[in-house]
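Quick heads-up: structures coming right below.
Note that chain A is present in both complexes that follow, paired respectively with chain B and with chain C.
Entry: the complex of A and B
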């Protein structure tokens, strides 16, 4: 599975899904006009990667804003990760939020409630 | 000089530089060879009028330049050369005449001296014969002192005197010897004259040869260094006129004269300028056309959206919907793009005030489509099914939206086609008779401001609709007692998700609550307006990210709305 790198735009986050290294990253803001089109290929790639199996996987999510369709898309990305963790794969989701950004921190806490097998870490970033 | 016009078959006009008719406007330029080129009075825009430059080329016979130069210069040169040579010949001729005269005198003197002895009148024969041997000799006569002819040789000349040289010498045999006499010698000057005439003919021939050589070299030089470069220049002008941006080659064997080289260089410079200007104009024109098309397309889209907004607004309840409830009501409905995915409903049924706020996925037109599905579903739930419990209404809404978007038909594993859309929704049922407010939410919270403190009642985390994940929490209602002066807010996340501020982060629901608390003493309309202003201030230059909707009601107040 190849690495997926998409530069950030004003409405979509930087994507760096380095599947061989087991490191995935979303950073920026996410409110694309069509979230399904943006996240659909990422979800498929993630599923394919998980089917291949492999070592530990870390998913860094560092979004400063995401709309409700992106939230749904994130949930869709998290579900197979949780399933993989349930099957024994080491999966860590690191929810990065700026210091004092309660909205994003709360959203992370909401997401954390969906995970019971994968590790979900709340990581406060001091530098915005 | 061939005189072939540059533009073949075109009528010749003017002929050459010599042509001079009655003066008209522009003749001053025409005289300089600029006929056909529009003057500034015709407007600078006409400079590139098709045919303008070709007209100039057609009207001028460039060979006329050589012709004119030849006709003007050759008579002068010929006259100067001829005059000089004639003067030289004349001086020569005079010298020859003088030398011949001196020779004649010397001959006469020598002969006279040879004869000067007594009895010369008898012995003159050999000396006189010797004179006759000179090729120029014509006639000689010997006279005695009395003037009687002693002897004569040759034919006595007649006719014009300038064709002969006549000298006389005295014969003086000595003081004692007598008789004295005289010798008159006449030499012919015809040879000299013939010489002079021959020289004149030669000079004339040489002058003609000189003029011919001059004409030829003039033709060659002008042709090579003036006419050919000018033709190239004119040809290039013709091409440039048709916006074919060619420049003129300044090197090669047909190197133009300095003046024409300067003009050609200036022309090349101008062509470069025109070319880049033309390209820029083309780009600009293309840009303007594109911009116009975009503006038109955008205008159509905006018109269409405005129409859609009227429809969407017609679906929303009017401000008098809860008139009978003695509630102060304020509404903020601000789609991000004219129409949007935010929806609210207020209705009084069976003495209950029902307030619904929904935030459908997406905004703009897709969001607006979903709001219509929600509106239809809600109408069925409230009027056909008659549901009055908020959690029941939410559950029914969930079912109806899934059914309408056919989200149950798929296998739920999220193939990229098919709908995975839904909504966040919050419902308040205000039961004035029992003094209770029942709230249920799915992804949408209730904010209550009472006694200067805000309380936030979160609904279920997950919204309604979407494909099932199997992890959805059940829907539940919260009941709070109604109290006077209590203000209740239902708002979509677009209200709190305002990016901005010094640290450029989301305002969040805490920030919104702070603003609402700050303005709690205002009438509800004013409080909502103050919130709206504060949100704009927080955003600053950041654009809004989402549709925003807020429905607020305050108990114990008078009926009213915004």
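Entry: the complex of A and C
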């Protein structure tokens, strides 16, 4: 599975899904015109990557804002990761949020509740 | 005469604390542009960052609800999410020191019962219950006929400081006018 890199726009996040390196990243704001069109291909690629098997996988999610359609899409990305972890793959999700951003921190806790096999880490980023 | 009428309208908006109001055909591009000026207005008004984010979030969910669920569509249902254009209105303002976001659009009459039931349920939930309900809905497949996560209304309620207000007005045809107002 090849690496997927998509630059950020003012309403969609930077995507860097480096499957060969086992590192995935979303960073920015997410309220795309059509969440299904934006996230659908990413979900397909992730599923294909998980089917291939392989080493540890780390997914960094650093979103400063996302709408409800994006929340749904994120959950769709997380579910196969949790399944893969249950089957023995080493999966870590790192939820990055800015210091003082309670809304995003709380959203991370909402997602964290659904993981029992994959590691879900809350990572506070200090303002540069 | 022209200026008198328009100024009266303009002044009435000001008096009612309205900082943004849009009526007509709403697209994702219009949503984006209105959102940008809304952010700018809140920045200039030195609005608390957390409040600004909540207002923006409620604005996006309401505008996307109009685009997706208004019965009055210029570019119809079935076209990709991002290209839909639908008529409705969206208003952001300040009332008694609190931001509000309100929207209005026509809905098909047969959807009123279901929509009313969902809103009644959401309005009756406490903050903790809303959070729990949101988590549940996030894991479930979207409702039939729902294009988004069907969690937009819960998101609006979670970001509001008081129960959301809503109302329906029969039009005498097969559609109903629906409106929703959320205080942040």
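For the reader, a short list of remarks on this structure follows.
Basically, the second predicted complex is superposed on the first by the 127 of 128 C-alpha atoms of A that agree within 3 Å, B and C clash if a C-alpha of one lies under 4 Å from a C-alpha of the other, contacts with A are read in each partner's own complex, and residues count from 1 in each chain.
One rule holds for everything that comes next: a contact is a pair of C-beta atoms (placed from the backbone, for glycine too) under 8 Å apart; a residue touches a chain by one contact, two chains touch by 3 or more.
Only a predicted model underlies this, so the values are computations on that prediction, with no experimental measurement involved.
In the three-chain model built by superposing on chain A, chain B clashes with chain C.
When chain A is checked against chain B and against chain C, the one touching more of its residues turns out to be B. Once chain A of one complex is fitted onto chain A of the other, the partner contacts of A:25 are absent, as it touches neither chain B nor chain C. Residue contacts after overlaying the shared chain place A:63 against neither chain B nor chain C.
With both structures placed on the common chain, the touch criterion links A:72 to chain B and to chain C.
Of the two partner chains, chain B is the only one that A:40 touches; chain C does not reach it. Contacts of A:113 after superposition on the shared chain: both chain B and chain C are touched. In the superposition on chain A, no contact is made by A:93 with either chain B or chain C.
Taken together, the two complexes place residues 31, 33-36, 65, 67-69, 72, 75, 102-103, 106, 110, 113-114 of chain A in contact with chain B and also with chain C. Contacts from chain A toward chain B in the complex involve residues 29, 31, 33-36, 40-41, 43-44, 64-65, 67-69, 72, 75-76, 79, 98, 100-104, 106, 110, 113-114, 128. Contact residues on chain A toward chain C in their complex (touch as defined above): 10-11, 31-37, 65, 67-69, 71-72, 75, 102-103, 106, 110, 113-114.
On the chain C side of its complex with chain A, the touching residues are 28, 32, 36, 50, 53-54, 56-57, 60-61, 64, 80-83, 131, 134-135, 138-139, 142, 148-149, 151-152, 154-155. Within the complex formed with chain A, the residues of chain B that make contact are 359, 361-362, 364, 414, 416, 420-422, 424, 443, 461, 463, 466, 469, 471, 493, 496-497, 499, 503-510, 545-546.
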